[in-house]
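Presented sequentially are two complexes of chain A, the first with chain B as partner and the second with chain C.
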Partner chain A sequence: MSALTFTLKQRTDQRVDMSPLVCQKLSGMEPAEIAAIELQNGKSKVRVDSLFKISGSDSHNIQFKNSFGKLDFIGKDLTEGSIHVEGDVGAYLGMGMSAGAIDVFGNTDIYAACEMKGGQLVIDGNAGDFLGAAMVGNKQGMKGGVVIVKGSVGDRAGDHMRRGVMLIEGDTGDYCGSRMVAGTIAVLGKTGRFPGYMMSRGTLLLWTQPQLSASFNDCGAHTLAFLPILLNSFKKYNSRFAEVDTFNRVQRFGGDMAEKGLGEILVKI
Partner chain B sequence: MLTKLTGGIVYDPANGVNGKQKDIFIKDGRIIKKPGKDARIDKEYNIKGKVVMAGAIDLHTHIGGGKGNIARMLMPENHRIDPVAHTDLTRAGCGHAMPSTFLTGYRYAEMGYTAAFEPAVLPINARQAHMEMGDVPILDKGGYVLMGSDDYLLRMMTANKDQQAINDYVAWTIRAAQGVGIKVVNAGGINAFKFNQRKLDLDEKNSYYNVTPRDILKTLATAVKELGIKHPLHVHGSNLGVPGNIETTLNSIEGVEGLPMHLTHVQFHSYGTEGDFKFSSGAAQIAEAVNKNNNISLDVGQIMFGQTVTASGDNMRQYANHGFASPNKWVCMDIECDAGCGLVPFKYRDQNFVNALQWAIGLEIFLLVDDPWRIFLTTDHPNGAPFTSYPHLIRLLMDKSFRNDMLATLHPEAQKMTTLASIDREYSLEEIAILTRAGAAKITGLVGRGGLADGDFADITVYTENKDREKMFAKPVYVFKDGEMVAKHGKIVKVTWGTTHVVRPEYDKSVEKDLEKYFNRYMTMKVGNFTISDDELTEDGRGSITVHPTVGGKV
Partner chain C sequence: MIINGVTIDKTFAEAFPMKATRAIITAQNEKWAMISAQAMTGFATSVIACGCEAGIERLLEPSETPDGRPGVAILIFAMGGKGLAKQLETRAGQCVLTSPTSALFAGLDEGKKIPLGKNLRYFGDGFQISKLIDGKRYWRVPVMDGEFLTEATTAQVEAVGGGNFLVLAESQPQALAACEAAIEEMRKIPNVIMPFPGGVVRSGSKVGSKYPALGASTNDAFCPTLKGVTKTDLSPEIESVMEIVIDGLTKEDIDKAMRVGIQAVCDLGEKEGIKRISAGNYGGKLGPFHFHLQEIMA
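Presenting the complex of A and B:
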């Protein structure tokens, strides 16, 4: 059985809500039924088959081709199966997903992995602002799972993050790990201004020295036995994190002292 | 155009009509006498057997002013869960605890309400409050001007200015802010908060002004009486939510020495300290005091279980309660020289001892106060619950077995601490009509509203009789506002714009001289800009102003 493939016929002017096209909702549906699903497109509703050429039938294995930056909510609340996207995607990629896998060969807009609960999300390009953040007004962002970004990410990655692992191979924007409650963000590239801004707990693991705000205290150099274990756990991923040299020496900075102050920024020595 | 409502069962306590079948004739927005035989009836509604009341009036609901917008900004998640699409007639909006202005108007009208009063109009923010209420469709509205923690009044009191000077200042303020009553919130407490006092009992002095809440209550209650403002001083008491505050409330009743006073959201001020959890019901004592003192009226501020947001000028108490914020975020702010503002999201839970008992205390107060003309149905929207829970509340009052079924599901310790199960009283339709119409119109001093007499404005609600009172009151068959049908079967059919009710007591113009100096020295706006002109409320072409007479005064 070949992957259920949606190939975009032409780009729309308005944004499209793609949340109905997830594995668990499409399983057991006839091709004609899938074609007849209506998607919200700006103010109007459009049928799936008017936007996409549909082929294949394995709803457990969905592919979107020719995707572009106005397809929002791809993989929303995904609970099983895999979604593979070729091209850019819009906002809220993998929002609230609890299991399964999404990989995107392109860039994402804001709020990818928003309030994600589990599963694995891989972005081959760059991610926009608020990666793994909480929706506006909510108090907890990403609560589990793994996010791997091969490019760079925008501002406020991991805003209100609660649990889970975020692996960023490129650089981050400002306020990386802002208001973090807990969880781990590892960054191979550079970080912008104010990393860990208002974080109460959680860990930022950095390979380059960041520009820290005054409310982080230098706690000295440490040898941390858990670091090799953590780094080894990255070996199973298709990521540069699988190839990094294992180390256990870090400079530890505690903060944000303007908040609870139990968070830490660990910088490889 | 002449409209006839035929055969309805009319409950009009304002005119002593209790469940009598009666035809109602409407012309030019008013109820008129039965016209002659040859009069042509343009539109007739056969409402045989249906229940007819005047349009309901909510005399205490936070629908305007900056705090609403802060609540909206604070709780986007509460808006996301409750989106409402636009129709050809109505505008889109959202919000469960604090809906948008348009939804507020639609939802009230759909429940048969035709007037609502914002109880905390801070004079310095009155313009915004009126603009916001100007965006509430269908309903008539009005505001109680918040005083008692403003530096100017406290300065006057410290300087021992005579009552006449204070009366002039109060009258000037209510006119400048286009109010219909005077409200006091935690008398002096909001001001004391700014001088680092974190609690203020009735006889405790403001550490800077040396004035006690008791003085303030008495001074303002006297001013309201002497100015002839019909609505009694609207009092949000001291020590809101503090176990044992029943003492404060009883002392406040004594403290005004017979002057008219309206105690608002009394449920939050009726707590004792008995029992294992040092939290008990003071409803019986409150009811006894209210039954004994004819000068006291009250609204309950019933809580309902679920998510809401508490919005109050009482930043002293909001600050004290911010630890209970759920979700965990809150706002507390100063309003320049006037008062304060605090917003704490709150989730009342039926399995929480305190919340369950609060629920029971509110109902006890409803059922133990004898005179329906002096008690009013409110949830202190949105503080106890959103106003959309009124039909449910009415059912609780009218249906004893339903009430007891609900009680039986609550926290078991709370059930032991309340006498609710033993109270047999059930409200009648007539009493509901008094609470929500006749009494509310009377106490806010509205002329021509809240009743169905000839000449009254044709604000009329028609309900289909239903044993399930919640269903009955949630979706009236017809709602007329000023003679026009605005809602049918709980859906808006026409969007009209209500008037703004105000009072204009006389005062000595020389008061402005000193105020001008004060404004120039301390405030961010000039006294001339502070005063809201009539044009500002009416120039959009849909607002209007209705001036109600003061006692012994001319309009």
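Presenting the complex of A and C:
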């Protein structure tokens, strides 16, 4: 059984809500039923088959081809199966997903992995602002799972992040890990201004010295036994993080002292 | 049955169900991992008065431990789950948390989850940090030498306690040498511990006592100095008896340990003063696990 594949016929002027096209919702549906699903497109609705050429039938394994940056909510609330995207995607990729896997061979817009609960989300390109963040007004962002970004990310990655692991191979924008409640963000590249801004708990693990705000205090160089365990847990991913040498020596900065001050920025020595 | 001149009694060791868990202690080097492990398994020879029976299972290479440092696997056995959890937590808190450079991990994945460092984290006074890695929760507790890392839980499994055999020899040095040889071989068997000092017991007990307050007392039938004054189980040439007690995660594990232990004793043989191998039982009333010596050595 080949993957259920949606190939975009032409780009739309308005944004498209792709949330109906997730594995668990399409499971057991006939091709004609899938074709007749209506997607919100700006103020109007469009049938799936008017936007996409549909092939294959394995709803547990969905592919989107010719994707572009106005396809929002891909993989929203995914609970099973896998979604493979070729091309850029819009906002809210993998929002609220609790299991399964999403991989995107392109760039994503804002709020990818927003309030994600579990599963694995891999972005082969760059991610926009608010990666793994909470929706505006909500207090908890990503609560579980793993996000891997092979490129760079925008501002406020991990805003309000509560649990889970975010692996960023490239650089981050400003305020990486802002208002973090817990969880781990690892960054191989450079971080922008104010990493860990107002974080209460959680860990930023960095390979390069950041430009720290005044409200992070140097706690000295340390050997931390949990680091080899954490780094070894990355070995199973298709990521540069799988290739990094295991280490346990870091410079520890505690903060944000303007908040609880129980978070930490660990910088590889 | 006679092996190398040593008589194997037609009797059985009687064992009973216990609850058990394994923990892994690591440290900066083997010396400090062992110090911590010895402290944690100290005063844990018998559930009669220690609350649990515990021992060092084996040394672990850095490649075998979660944090890539030298480690020691220990096993703890208790009569019930509550008692086991209490002993584990108390000992971990006093003997591993306190031990320089140590870290503590679960040694079993399958079974009922019981707290390992789950409650020790409160020692961190709010500065403790949780990390969930590959589905396992760890606690990082700030301590004066750096950070104490502990897994939150380990697993409790059904186990067997009280496997045993008795070595009857012509002299005390010969009995001890035979037991030492047995212990050396038995320590190579996984999933078992011999909880008594050095693995050997010289004060095997019987159930009951002339003193009502005592539930157990010296096993006079095997005391060589009482040969002439009690209903003895010893022949005139026996001058010393020592016992090896085995706790294991399964009956099969104890079977294996008893087999290699008895074989090691028999390899010394009659010429080294070893006369008989026997076992302690209570007529089948103590527990459902029976280790028939002759079947094990067949």
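Some notes on this structure:
Basically, the second predicted complex is superposed on the first by the 269 of 269 C-alpha atoms of A that agree within 3 Å, B and C clash if a C-alpha of one lies under 4 Å from a C-alpha of the other, contacts with A are read in each partner's own complex, and residues count from 1 in each chain.
The rule is simple: contacts are C-beta pairs under 8 Å (C-beta built on N, C-alpha and C of every residue); 3 or more make two chains touch, one makes a residue touch a chain.
These figures come from a predicted structure and were not determined experimentally.
Look at A:Q14: by the touch rule set out above, it reaches neither chain B nor chain C. By the touch criterion defined above, A:L230 reaches chain C but does not reach chain B. Taking chain A as the reference chain, the count of touched residues is higher for C when chain B and chain C are set side by side.
In the superposition on chain A, A:R163 makes contact with chain C only, while chain B stays out of contact range.
In the superposition on chain A, A:N238 makes contact with neither chain B nor chain C. Legend: residue contacts after superposition of the two complexes on their common chain; A:S2 is shown touching neither chain B nor chain C. According to the touch criterion, chain A has no shared surface contacted by chain B in one complex and chain C in the other. Considering their complex, residues 74-78, 80, 327-329 of chain B touch chain A. Against chain C, the residues of chain A that register as touching in their complex are 163, 182, 184, 201, 203, 222-226, 228-230, 232-233, 246, 262, 264.
Across the complex, chain B is touched by residues 135-139 of chain A. Of all residues in chain C, those touching chain A in their complex are 26, 66-69, 103, 126-127, 129-134, 138, 140, 146-147, 149.
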